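The first chain written gets the first letter, and so on, giving A, B and C; residue counts start at 1 in each chain.
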Amino acid sequence: METASSINDTSEAPSQKKTASDNTNSTVKVNATGSVPMNETNIEYPDKTVGFPLVDDPKMSMRDVNVFYGDKQAIFDVNLDVGKNEVIALIGPSGCGKSTFLRSLNRMNDTIDTCRVNGEFHLEGDNIYDPRLDVVELRARVGMVFQKPNPFPKSIYDNVAYGPRLHGLANKRYELDQIVESSLRKAGLWDEVKDRLHQPGTGLSGGQQQRLCIARTIAVSPEVVLMDEPCSALDPIATAKIEQLIDELSSQYTIAIVTHSMQQAARVSHRTAYFHLGRLIEVNDTRKVFTAPDHRLTEAYITGRFG
Amino acid sequence: MSKTTETVRKTLARRYRAEKRFRAYGIASVSIGLLAVVLLFSDIISKGTSGFFETYVQLEVTYDSELLGINDPTDQEQLMFADFSAVIKQSLRQRFPDVEGRTEKRALYSLISNGASYSLRDHIKDNPHLIGTTATMWLLADDDVDVYSKANIATRSETARLSESQQAWISSLEQSGDIDRRFNASLFTHGDSREPELAGLWGAAVGSFFTMLVTVALAFPIGVAAAVYLEEFAPKNKITDFIEVNINNLAAVPSIIFGLLGLAVFIGFFGMPRSVPLVGGIVLTLMTLPTIIISARASIKSVPPSIREAALGLGASKMQVVLHHVLPLALPGMLTGAILGMAQALGETAPLLMIGMVAFIVDVPGGPVSPATVLPVQIYLWADSPETSFVALTSAAIMVLLGFLITMNTFAVILRKRLERRW
Amino acid sequence: MQTGNLLLLLIAIGAAVWYLGYRRSHAVAAPLGGIRHLHSLPSYYAMLAMIWCVLPALALLGMWLIIDDSIIRNSVISALPVAALPTDEVGYNLLMNKIQNVASGALAEDAVQPYVAIAAEHLNSLRRSNTQLLTLFFVCLSVLGGVWGWSRIQPQLRARQRVEKVIQFLLMLSALVAILTTVGIVFSVLFESIRFFGKVSPAEFLFGLEWSPQTALRADQVASSGAFGAVPLFAGTLLISAIALIIAVPVGLMSAIYLAEYAHPKFRAFAKPTLEILAGVPTVVYGFFAALTVAPFIRELGDSIGLSVASESALAAGLVMGVMIIPFVSSLSDDVITAVPNAMRDGSLALGATKSETIKQVIIPAALPGIMGGVLLAASRAIGETMIVVMAAGLAANLTANPLEAVTTITVQIVTLLVGDQEFDSAKTLAAFALGLMLFLTTLALNIIALRIVKKYREQYE
C-alpha cells in the first residue's frame, strides 16, 4: 500500500501546482455545473483517437503506449507521432497523464522505480526503449525543460556549459565559449546576463532561470526538446518571453510541450493532442482543436466546463 | 546521424567506465562499513564466549576436622574461619602423591582458585554433618588453568603461563575426566575481584542500574519540561535563542568535558562524594539532556497545530492544551528519544572516570550514594588488567553490555512503530 | 533524618494539603451553589495549596544542604585551639579529613591528638543538631505553607492562572539548565585553568615542545621548565583525528551516496541500520577492539613487511576511531544529499548526464556546505573522543607525524592526570583542566561553525 500511495504523491504533486497556475492563467475557465459528467462510467471514450495522430514523416513515433505506476495504469493505448520541426502541445485536465507521457519520451520515467512503460517508441527509426540504445545518448538527443526552473547551483556559464562538457562537445575553451554564447543568444538571455556570466544561476529571476534552463538544454544541440509546463511557475511577462522563444526555436528543433494553459497551446503549437484520464482523445491541427474539435470531451475541456 | 550523436557516442565508453568505477567505490565503502560491523562483533563473540564458562577440577575432598581446626561443628564462627584451603591442599597432595619440594607443592596448590575454599566453606555451613566425611567435589580452577585448558591443545604449551609440571598435572586430570567446564555463574552474581575466575559483573550492573535510575529521574522530566517550554511557551527573544544555541552545542561537546564539570562542580565545589552513582547520574543527565530535549522538541513539533487550535477554541488555557493534548500525543516520541539517550548514557565511560567511578570496588553497591562502578567502566578496568583470562571476561562483559543496548534500542524501535502516530 | 526521608515526608504532607485544599474548595463552593461558581476547578485550588506547601520547603532544603557543610566546618575549626590551627590549605584538608574519620569511627579516638578527638566530638554533635534543626524547619515550613495556601482558597481566587504561572516558571527553569550547564563547564575549566596559568605561563603551555607532568610532581620541580608544553599533545590529537577522518569521510560519504542514490531499497533498508549499529557501540568497546585486536594485527603486519610499528601506534587508534565515525559522517551526508531537490537530479539526467556525473558535478557541489558541516562535526567528535585513545594510544608525548609511532592526545592526558587520588591545587591536576579548556574551546569553535553552515544550508532548500 505504501508504494501505491507514494506513486500518487509523485503523480499528484505537479497536478496541484497546475491547479494553482490555472487560476491565474486561465480566463475562460468556468466552473463545471454538472453539465459534463466527470465520473468515468458516463464518459464514452473513442475506440481510436479521433483526428490525425499520425503524420507522414515523423521525428518520433509512439505506438500502443501503456504506462503503469505499480498497479495503477496512467496511460492507455496511446498512438502518436511528432512531426519534424513541429511544435506539438499536449493538453488536458490535471492528472490526465500528459506529463507522464512526455517523460517517457526521453526515458525520464526510468528514474521512478515503480514506473513501467510498455509500447514502441521510435526516434527517427531508433527504438528508444531498446536495451542496446544508450539512455545518455538518447537524452542528449531529446532534451527536457521542467515545470519549475531548476538551474544548478553553479554560475550561469557553468550551467550552460554543463551539458557540452559532459558530452565532450567542445575541445577548446573558445569552442565552449561559443556554444555558451550562442545557446544564451538563442534563449534570448545573452544581453541580460553577458556581464555576469560567472554569477550563480540561482540569482536570476524566475523567467530568466527558465530561459537559462532552455539555453542549457539547447547547448547540447538536441533534436527534440520536451517542455513540461515550462511557464506554470512564471508571471505573464516571463511567460510571453518563453512563448516567443518557443516560436523561434521551432525552426530548428522539434518541440513537444505540455501545457495547462489552452491559450498557450493555441499560441505556440502547430498541432494539439488532448489527453483525458490517460487516454489520448483527439489530435488535430491546433486551429481546428480550438475552433471545431471533433470530440465532445475536447470541446467540453476547451470551453472550460472542467479542467 | 547528427554531429552531437556522433560526439556523444565517442565519449560513452569512457563515461560508463567512470560510472562503474564510481559505483564500485560506493559498494566498497558500504562493504567496509558492514565488514567493520562483522569484524567487531565476531571478534568480541569469539573472544568472549569462553568467558561465560569456567574450568572446574574434580577432587576427593576429606573434611578433616583437625585440618580445618573445627572442634564444634555448631559454632558458626569456627566454620567461618576454618582453614578450608588446607583441606584442598591435602586433596591435591593425595591426587598427586609424588610431588615433592616446596616450590613444586606451591605450584600444585596454585591450580585451584582461592575462591574454591569459600565455596567449600559455604557448602559445609549448610551441611555441618559432612565434617569428617570424604566427598568428590568440583572445585573452581585458577584462571591460568582456565586459560590453558580452554586453549587449543596443539599450541597451548607455547603460550601457557604454567610450568611444565603444572601442564603435566592438568593433562593427567584431563585424561581421567576430572576437568570440566561449567557455566560461569559468578560472572552474574559477584562483584569485581583481582582473581579473574572470581570476578563478576553484578556489582557493576547494580551500579549501572542506580546510575541510570538517577539519570532517568532527572533527565526525562527536565528534558521534557525544557522541550515543552521552548516549543510552546518561550518568547522569541535573545534568551531563547541563546538557550537553543547552548543546547545544540552541548549535544556536541565531548563527554569528557562533562566529567571535568562533575569533578570541579559537584565533587570540588558542592563536596559530593566520589565514585557514587548519584554524581555519575547527574553528570550523565547533563550529558544526555541535549539529546532528550532535541528529540522531545521534534515530537512536540510533529503534533499538528489543528489539535492545539481545536482545544484553544473550546476555551482551554495554553497550559491545559499542552498538558491535555500535546504531551500525551508527543509522549511516544519523547519516550523513544529518552530510551535512546539512556542507551547512550549506559555505554558512556569517559566522564565517569573523571568522577572516580573507576575505583576497584568489590562490594555490590547498596544505593545511589554507596561507591560503585558501572558496566562500561568495569570493561575498561578489566581490559586494562594484565591477566590473560580477563580478555575473555572483558569480551563477555562487552557482550552483556551490548545485549542491554540492543534490547533498549529494539524496544525504542518497537515503541516508535507501535505508538507513533502519522499525521 | 536523611534527605530522602525528608522528601518522602514532604510528599506525604503535600498530598494531605492537596486533599484538604480539594475539600475546602468544595466547601467554599457549596453555599454559592456548586463548583461552577468557583473561578477555577477545585483541583487547581488544591494544587495551589500544595505548591505553597512544597516549593518553599524544597527551596529551604536545597539552600540548607549547600551551605550547612561549610558552616559546620568553620565552626569546628574555630573551636580548635589556636596552636593546632593549620597554616595552609593542604594542612587544613588533612586535619579536616582526620577529624571526619574520627567522627565517623573509621579512625580510633586514642590514635589521634586529644584536640582532634574533641573536634570530632564537636563535629558529631553539630551534625546531630544540624539534622534536627533542618528537620524541624523543613516540616514547619511545609506545614505553614500548606496552611497558608489552604486558607487562601476563596471562590474568586484565580487559582488556575497562578498554578499555570508556577508550572511555566518550572518549565523555564528546566530550559535554563542548558545555560547553567554551559556556565558550569566554562567556570569549572576556566577557574582551574587560570590557577594553572598562574603556575605555568600560557606561552609555555601553548608552545612548549616538552610534556612530562609526572616529573613535575616533586615539589622542587613544579613548573620547572619544559614540563608542561602541550604541543606534542595537540600534534598527537591532530594526527589520530586526521587518520580517523581520512578513513571516515570518504567511506562515510561514499556509503551515504551509494545508499541514497544507487542501492536497491531492500538493500538500503538492511545496510543503513546495520551501519548505524556502529554508532551505538560504546566507545569503550572500540577501545578494547583497538587495543587487543587491531593494534597487535597492525604490528604483526608491519613486522612481516619489515616495518617497526609501536604496539600503541597512532594508526590503530585512528583506524578504529575512523570506523566509529563512519556512521556519523554517513548519516549527516545522507541528510544533506537527500535534501538536494530532485529537480536538480532531473535537470542533469535530462541533459544526458550519467548518474555518477550527476552526483559528482551537481549533487555534491550543491550539498557541499552541508557535507563540510558534517565533516567539522565529525572532526570535533574525533578530537574529543576519549576511550579509544585512552585504551589504544600511548602515554608518552612524542612529537611525530609518523602514524606507526605511539603518540598521546589531550583526552588521554586529562584522564591520566585526573584518575586516581589527586589534590586540587597541584600543577599536574590543574594542567588537566587547562587541557580541558583547550579541548572545550576547540570543539566549541568547530561546533558553532559547523552548526551555522548546516543551518544556512538547510534554509537554502526549505
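Keep in mind that, in the parts below, a residue touches a chain if its C-beta (ideal position, glycine included) is under 8 Å from a C-beta of that chain, and two chains touch if they have at least 3 such contacts.
Model, not experiment: these values are computed from the prediction.
Chemist: Please identify which chain has its centre, taken as the mean of its CA atoms, farthest from the centre of chain C.
Modeler: The chain farthest from chain C, judged by C-alpha centres, is A.
Chemist: Nearest chain to the global Cα centroid?
Modeler: The most central chain here turns out to be C.
Chemist: Which chain pair racks up the highest number of C-beta contacts?
Modeler: Highest contact count belongs to chains B-C.
Chemist: Give, as an integer number of Å, the spacing between the C-alpha centres of chain C and chain B.
Modeler: Centre separation, chain B to chain C: 20 Å.
Chemist: List the centre-to-centre spacing of chain A and chain B in whole Å, with centres computed as mean CA coordinates.
Modeler: The answer is 61 Å.
Chemist: If you average the Cα atoms of chain A and of chain C to get two centres, how far apart are those centres in Å?
Modeler: 57
Chemist: Which residues does chain B have that touch at least 2 chains other than itself?
Modeler: Chain B, residues with two or more chain partners: 8, 15.
Chemist: At least two other chains touched by the same residue of chain A: list those residues.
Modeler: Those would be 136-137, 140, 166-167, 220.
Chemist: Provide the list of chain C residues touching at least two other chains, using ranges where the numbers run on.
Modeler: 352, 354, 357
Chemist: Using the touch definition up top, name the residues of chain B that touch chain A in the complex.
Modeler: 2-5, 7-12, 15
Chemist: If you look only at chain B, which of its residues touch chain C in the complex?
Modeler: Against chain C, chain B makes touches at 8, 15-16, 18-19, 21-23, 25-30, 32-34, 36-37, 40, 43-44, 47, 221-223, 225-226, 228-230, 233-234, 242-243, 245-250, 252-261, 263-265, 268, 270-271, 286, 289-290, 293, 317-319, 343, 346-350, 353-354, 358, 376-377, 379-380, 383-384, 391, 394-395, 398, 401-402, 405, 409.
Chemist: Which residues of chain C touch chain A in the complex?
Modeler: 265, 341, 343-354, 357, 361-362, 365-366
Chemist: Where on chain C is chain B touching in the complex?
Modeler: The touching residues are 66, 69, 160, 164, 167-168, 170-179, 181-182, 184-185, 187-189, 191-192, 250-255, 257-259, 262-263, 271, 274-275, 277-278, 280-289, 291-293, 323, 326-327, 330, 352, 354-357, 359-360, 377, 380-381, 383-387, 390-391, 411, 414-415, 418-419, 424, 432-433, 436, 439-440, 443-444, 447-448, 450-451.
Chemist: Residues of chain A touching chain B in their complex?
Modeler: So the residues of chain A touching chain B come out as 134, 136-137, 140-141, 166-169, 220-223.
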